[in-house]
């Protein structure tokens, strides 16, 4: 046990925390973007998985890590487009569609795995990250993204409209701005980031394993809720989860007297605790999950002669 | 349900199945196989003979339970994605209780006890996210998913202690706790199917005829109005998810009490998630759930048979496509009864 | 004849349908520069639809739209286009984003940029300038969710003015304002027209129309039925045109007040209800309702009326105080307990709280009354259906069919369903009513008023919370005014019959004391 605490002091441990936190952070940033615009982002898990598969496969095909990363991002965007079409255009239920996309990812990646590599559990080794973390250009790119995101949210026109769309889409529509267009962009960005996160997973692992996302998409969702739907706090929450997972990995190897099942469940239990509000209450964007008003018409409610409801105030 | 509503629901169903078949055909073609051949094999291996029928019923039974579980929660406005974990723990509980009883226990005692254990374990696993939702406002989607992982870890961990040495399963349950087979040409179909039908009937009766069922439906459609009418919202939410958990837990009867007579790691895997497809296809109605379960059970067993031609994961893909198609087409054609999420 | 009158907004032959319902039927409308033009009629008359067409939010099916002489094709029209040409609309339901600041809300859609990023400082300066020019003061950096209703409305108007609009369309702007705030608004509007702006005022408040408007257009069932000059029209005339027949503006009642010594059915002592942020929504309210009495509760929205009503109904916990029904302490009881004890409520939001829109009318009538229909084998559906038919007929609900889906009824009929359900509850002693005639057509309004007076006549006690001062004065025996969660004052008997009653109530409502 003392070994474990000793390792906590080492640089290697903390570098591992960063390494493990990257996919969480990317998925969480994507989730924040989508949800702040009003679209629930349950499909993060599926985007991670599809991104991982695409990255492993293309990296293998092209013998290039960069191509793999690109492919991962592209796969994420494709999934986002499908999701966007279903929930923005067709206004399908966002929770069901999100869960379904995750199920699709699980089944389809296994199917494709069999198709391409003849196995349903894992691919052979594929190209991935070489060298230390500090030398990984992708990491620095991602650090840049993390720093740029708050600026995007709070200091740009797009960010203002995005935040407004997630709180009161009717207000945005009433000034002539298209809410569906904002949400498409937000969902697309989420796909890009989460797909990239999946790519990181596969490239770090040097291969694709079935269901390798392991619930990270859902945990990223919990992290963003903990971070109160704000970019930087969400990333910090991801670091917390990354820390938990790293601890779990170290403790598993060591026989510590803590039952194994508890150790394995650590990230998931932590997620539940976070959601229960023990790490601060948070308020979701007010219009989260609500379909955008159709560009143009509002449906006619009530059939007769009604006096207008003087209910003009929005109560806090 | 009015005539036009029924027509719309039927259309949604038909359309979704067509979409799924088309997607499936595409995937099959990608492998260089003939969709006609694959679908043909699917049909003949399932409804073609008594054994096939039996296997379909066997595969359909867990889906009835998980479908009812998801559907019941749905009617209360809750998303139960945790049927998978509830089912695991239910099965384990049934096996452990069934094996712990004295060997001579008669069926009148052993069976109800084992079944009760399964339901109770599932109910507990459903009550937890239910309580978190009711009292802390934590959304049940993520919590139920997390509990799936925790259940998986629990079973693995507990398993090491209770499984028979050198195996991945528990000891056999006593004679009295075994459900007889339905005798269909040696298939695994057993009395659990009848139990499942009974559960469907019970859920139907509860929802349409009972006071609590009325309150639950009101809560699912309009929590504000239900609260205003004196419904005890928090208690109902917990009870709904607990009941849903219990239904999922009963899946244990099928595999543990009716088939292998022990609990094995990985038993019934995927039935929890498939329950979502069943509930959606069955439009949240107990009768629809039964029919949808039989349909997806056909797919499931057929999947094993077609594994010679195409990976059986095709079935998982089809299931996901069905859910997407139902969600999309019901939004476009039919009436939505949903609420916002996390 | 004066020199050319400039028509800044013209609509010729505009028609617009929603499915089978024709909301606008070949409507002509024109607005002159420097004028306030009132557009009156009941909702469903089509006035909001007409203006949304003018603003480009809705597309006309037929007809011509001209802004400042230039025609716009319906297909090319949009709010963006309207704003570009100087036409702005302030909606009935505020289109503000609560967590954002005033300036962020104002610039939304037309954000000024500096080096690619938002230029909020520049925008703030511009906003303060516009604010000064038109006398609409508000703190640009404040978050909208912290503003009062009147201030939010100012932000809505500033939004339109900041974008350079000189034609304003206001949809029911005074619905939520106290009399003093209404005067302030009208002053600002007159100031604007003096500076050359033009205003369309959509309203159903006839006395305001007569006080303010230069021109009046009356609509009924999608058509223009009258065009009057503002100074010549009287409320009675306009009401007649609106409804198409002689309209009794109120329901007749007997003398106010109940005999001394009548039993007090509901006693509230020192009730305190907390708000999430820590302040009190209801800060120590005490009141009494006696048998046969209608107690009115007035106040500008947001001063605690809703919280008080919810606390009394059992929907909100009370932080302190007691509630006694017929002498029995019911403070600890939940909604179900209070219903059984004889305290029922008609909620403010009938669609979210009063009805399950997807349920049939019969099922809705059973809400909270399941015990009456329970049998050994579950709910007795046959009994429910026949009882529902009886109740629907008695409550004047149209269509009176138990199988109809509640969501398909008009607002007035939905309200009648809720009313008949609550008023016929066995063992009812006190009824709490929140805004019962909001969004309800005038025929249903009269029916509901009649029902409440009859209930009082039968010895029930009624608490009537309403934003409509006329309604309160017409129905109540006494009226309490709520301001910042406490009772600011009371008017009863003769004071209510007095013509100055609305003014005195208005004063109390804004905390200025009686007669501000």
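As written, the chains take the letters A, B and C, and residue 1 is the first residue of each chain.
Just so it is clear, a contact is a pair of C-beta atoms (placed from the backbone, for glycine too) under 8 Å apart; a residue touches a chain by one contact, two chains touch by 3 or more.
Note that the coordinates shown come from a computational prediction; the quantities given were computed from them, not determined experimentally.
Using the mean of the Cα atoms as each chain's centre, the chain most removed from subunit B is C. Between A-C and B-C, more contacting C-beta pairs join the chains of A-C. We define each chain's centre as the mean of its Cα atoms; on that basis subunit A and subunit B are separated by 28 Å. Mean C-alpha position of subunit A lies 42 Å from that of subunit C.
As a whole-number value, the distance joining the C-alpha centres of subunit B and subunit C reads 48 Å. Listed in rising order, the residues of subunit C touching subunit A in the complex are 18-19, 21, 23, 42-45, 48, 56-59, 78-81, 83, 89, 91-100, 104-105, 107-111, 113, 116-118, 145-146, 149, 152-153, 159, 171-172, 175-176, 204, 221, 277, 301-302, 306, 408-413, 437-443, 445, 467.
For subunit A in complex with subunit B, the residues that touch the partner chain are 40, 42, 86, 90-97, 99-101, 103-104, 106-108, 110-111, 114-115, 120, 215, 218, 221-222, 225, 259-262, 264-265, 268-269, 271-272, 275-277, 284, 288-290. Subunit B makes touch with subunit C in their complex at residues 205, 209-211, 214-215, 217-218, 221-222, 224-232, 335, 337.
Of all residues in subunit B, those touching subunit A in their complex are 27, 30-31, 79, 81, 132, 136-139, 141-143, 145-147, 149-150, 153-154, 156-158, 160, 273, 276, 280, 311, 313-317, 319-321, 323-324, 327-328, 330-332, 336, 338-342. Within the complex formed with subunit C, the subunit A residues making contact are 151, 155-157, 160-161, 163-164, 167-168, 170-177, 286, 296-297, 299-300, 302-316.
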